[in-house]
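Two complexes, one shared chain (chain A), two partners (chain B, chain C).
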Partner chain A sequence: MTSISLKGVTKIFGSKCAVRETDLEIESGEFIVFVGPSGCGKSTLLRMISGLEEATGGSILFDQIDMTATPASKRGVAMVFQAYALYPHMTAARNLSFGLRMTGHSKEEIARRVGRAVKILRLDDYLNRKPAQLSGGQCQRVAIGRALVQQPKVFLFDEPLSNLDAGLRGSMRVEIAALHRELGNTMVYVTHDQLEAMTLADRIVVLNDGRIEQIGTPHEIYHQPKNIFVAEFMGAPRINMLPGVAVEEGGLFLPLDPEQKIPLAAAPSAVKAGDRISVGIRPEDVSGSPDSALEMRVDFIEQTGAMTHYFGRVGRHEFRVASSEGLPCRPGERIHLGFAAERLHYFDGKGQRISPETQR
Partner chain B sequence: MFRKLTPYLFLCPAMLIIGIFVLLPMASALVISFSDYNMIEAHRFAGLDQYRRLLKDPFFWNALYNSLLYLLVVVPVLSFAPVFLAALVNRKLPGIAVFRGIYYLPVVTSLVVTGLMWKWVYEENGVLNFILRNLGLMSEPIAWLATPSVSLFAVMAVTVWSGMGFYMVIYLAGLQSIPKALYEVAELQGVSRIRQTLFITIPMLRPYIALVAVISSIAAMKVFDEVFIMTGGGPLGQTETLVFFVYQNAFIEFDMGYASAAGMALFAATFALSVLNLMLARDSGYAKR
Partner chain C sequence: MQSDDKPLPRMRPPTAGFANRRYGGGFAPAGQVLLRYAALIAVALVFIGPFAWLLSTAMKSGSENIFQYPPQFLPQQPTFQNFGRVFQALPFLSYFVNSAFVAAMAVSCNLVFCSLAAYPLARMSFAGKNPIFLVLISTMMLPFQLLMIPLYSIAVALGLNNSFLGLMIPHACTAFGIFLMRQAFLTIPHQLEESARVEGVSRLRIWWHVMLPLSKPALATLAVFTFVGVWGDFLWPLVIMDDQAKFTLPLGVNKLSGAFGKDWRLVAAGAILSIIPTIAVFLFAQRFFISGALKGAVKG
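And then the complex of A and B:
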């Protein structure tokens, strides 16, 4: 079990700053997921933890021991790559044992470790096949097995499921979660898929432009996003964001256009009339409500099975609704929507969350 | 109807050129090899006489021996040495493209120029002797191209030197097709660089090595320019290769029938080698990639 501390870790490629003075404490045995859009620095951060990438500044500690200058091979980490990175000229079995064979482990030790990985990941059926004869899911299982036999202190995953089709991704996700439960190792996992992040993580680290936007449990990240970026990045369809200036008209309101205004009944006390704010409302927190003043013009409807997504506009703002029951409307029609006041997220003019602890 | 013909129409120009300049001469060489044509008198059918002559001709056997020796020395060198050259220039260093260009330069240089240049290098008072003597590696200068025991190897060195860059480029393409992650996995596992080369790079390059072996063996069987320019087949026929033997008999002796028969033998040898090489190459490729 290993804890990881990042202190002011920075990575600069040429003139581009990929990771900016990042501080992060990863607890022993924790499953941490780095999530963010392409180019946000999440893979670079992972590679710096692995030692494959050198940090330009700051320090990386494993169990409070400085590892910044320690070569990758001495850090006790194993990594699973997006493109599997299996050796195409070796069978699955040879792929599993390659690292151990090359570093002078005894035959018995290799057999024991490989046997254990085979058992945990149920690889028996294709041990003698080469990667070209394996499906993507099987390849990734072998790649995970190869990480397993190294008996690393820390597992690193770099978008391991991105090359798999949707169905396989779901089942592999369950397997990785089960593996973490069984082994209890510290795992750091990079993905751009928020579903993976939400389902796997003990804590999620949302990155943007080389900076950490928020660290928190999946619940916190989703329900108490620290800023507009996190609120918009997590959740599909995206959260509805309505900017405006709050007004006092016998109660606080956010006018959207001359006809429509949103009542801010449960706004935090910090929100005053005249403040430039944005309010966010998750698509699934909105429902059809004939008496409501909020009116949406529906442009198109997307059936996803369990949920139906409605895309359209409220005034001049894009608006999305996700409903499991369905709304009584068709594209081109207008529908009245309602939501619970306490479901609104409030952000200030700089896009930072206005904390709701003191409610009016 | 017309649509079915379209692909063949597109192939026509190329087939026409290959037909006129490759297939037709091959066929006529085959015909001539059964005659005693000498470019002046009319063809006279000679049956297998020319082939019988070949089998009894010590100069032919000498040329065949030289060509095979060429193959045995040059092909392994050209199959493996450029791997290291390619690995050397496959680094992300400033100005590395310049080095790649320099190593490739001999390939685009005419063999006539290359041959003359090396002829000077190899002369008794040439650069090679000068360097070796100043390094104290030998006391007396060697006439590299005039000494029977070394002349063929001196010519081989030129073939290697001028072909190296070409094969380097093939290997460079091969090296760059190996995903970086394969090395990163090994790096994390603590596999040494040497073992990474032996157990990852070389096996991953096998299809490329097979390709280079095929191309370089065909090239080795066809060596002519270097010999023609640097030694003219001498000393004492020590550097006379099969192609040079064909040239001598055809255009010096005007013994066209005999030269054609030798050409056919060369064709058979090259063809057999290529088939063998391709079979080996097929075995070495890892199953259905």
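And then the complex of A and C:
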């Protein structure tokens, strides 16, 4: 098992800075997930860890040994690519053993390692098939098997499930989690799918525009987002974000329009009247409440099975509600909504979370 | 104003349209199809015509005037004697073996050297990569006649004149071959190579075990082009070769026209015999010209 340290790692492509002075400590045996929108630098960061991409600045350490200038083949990493990257002219068995054969391992050793990977990933039935004869899920299992036989110190996954359909993605997610439990290796996983990030990660690293926005456990990332970007990126439907200026009217309120205002009863003490703030509330923290003054005009209803999503407007703000029980309304109608005051997230004028330690 | 109860125009199911486009049948008027085939046959005749005429001349007997007017396409008394006479008049088999040896060497060298040179140009980063490629490509614009004299001087200086090696070396690695292989390598997904690199596979092994097997169509194309070029080359063998025992087929066939006072029946028969290997090589390489060689490599 190996720990990874990134110290001021930077990557510049021409005039574009893809990764900006990134510091990160990945503990030994940890499953860490890089998540962020397209072009945020998550894959570039992973490729720099793998050695496939050279860092423009900073250093990458494995177990406190500087690996920045070490080629990919000497780092003890194995990588699983989004597009499988299986050799199309070789059978699954030849794909699994290719790296070992090329690096001079004995036949017995190759057979032992391939046999173990085949057993763990249940590849027996299609060892003699070529990639074109395998389904997407089978291809990705072979690709993971190819990483497994290398017995790497670190597993790197670059959006490995993005090409699979929803059902397969779910089952492969479970398999990867089981693999981590069984092997205990350090795993770094890149995805833009927040569900994958939330379900697989010990810790999530949220990236945006080449910078780390937040590092934390899935619970921390979701329930204590450090800024508006993280709050909005994590969660589907997206968090409701209501910007405005706090007012004192026998208590602190956030006016949304002339008729509606949100009581900020549990606001942190740092929030004062006259402050420009944004208040966030997760769609699932909102429910129907006939006595509430908060009124939403419902534009669209989306059934997802377990949950029903309601999209509409509160005043001039877009608003979303997610309910497992359903709300008594139809598109075009208005409904009164309520929420617990302590479920609100507070952000200052710069979009940074206002610490909730000291409640009013 | 349009009435509400006016029936909507019936739409053809999209699959039917697709099927018709794909298989060219169904709704296309018969005249249009005939016209299309007539045009295709006309183009085919333009290409096949000279070969057919060559074959016809080779099969005409000595009593038949091959220059009669109007021209007679079909031989009056078809005969294969001219083919036999070619073997009697010349050491044809020896020329054939010489040509085959030189062509095999040139094709092998081309496939190896061109793909070796193309790999770094396609996949590695190094200073001056693009200028080097540009210079290589530029040499394609130089006609062989321009290079012939300096090449001959070099060959003589190296003692390579009158040798198969001297005959083959100018064909051993071509700018066209490097260009063709570079373009083929560029189409192979980067991840395949990166995956091998992470596994600790050396660049040379990646080239041999990953890049080359996935470039079979390009290799086959290069093999055919090189073979056709070397097999039919007349000028360079004429310049470099004096020893008749080392003559290649084009030089040998050329001797036919001189030795028999330009008996075009024999020249045609010799030409027919000499193009058979070219056709054979093309037919053999054809199976590699299949699309989808990378099927299943990557998704997306």
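Here is the rule we use: the second predicted complex is superposed on the first by the 360 of 360 C-alpha atoms of A that agree within 3 Å, B and C clash if a C-alpha of one lies under 4 Å from a C-alpha of the other, contacts with A are read in each partner's own complex, and residues count from 1 in each chain.
Throughout what follows, a contact is a pair of C-beta atoms (placed from the backbone, for glycine too) under 8 Å apart; a residue touches a chain by one contact, two chains touch by 3 or more.
Keep in mind that what you see is a predicted model, and the values were worked out from it rather than measured.
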Partner chain(s) touched by A:87 [first = chain B, second = chain C, both, neither]: both
Which of chain B and chain C A:72 touches, first, second, both or neither: both
Per-residue contact with chain A, leading partner among chain C and chain B: C
Partner chain(s) touched by A:163 [first = chain B, second = chain C, both, neither]: second
Chain B versus chain C as contact partner of A:264, first or second or both or neither: neither
First, second, both or neither for A:50, with chain B first and chain C second: both
Which superposed partner A:134 touches (first chain B, second chain C, both, neither): second
Chain B versus chain C as contact partner of A:150, first or second or both or neither: both
Shared chain A surface residues [contacts with chain B and with chain C]: 50-52, 72-74, 77-79, 81, 83, 85, 87-89, 98-99, 102-103, 130, 132-133, 146, 150
Residue ranges of chain A touching chain C (in the complex, touch as defined): 50-52, 71-74, 77-79, 81-89, 98-99, 102-103, 130-134, 136, 139, 146, 150, 163
Residues on chain A engaged by chain B in the complex (per definition of touch): 50-52, 72-74, 77-79, 81, 83, 85, 87-89, 98-100, 102-103, 130, 132-133, 146, 150
List of chain C residues in touch with chain A within their complex: 189, 191-192, 194-202, 205, 209-210, 213-214, 293-300
Contacting residues of chain B [partner chain A, same complex]: 179, 181-182, 184-192, 195, 199-200, 203-204, 206, 286-289
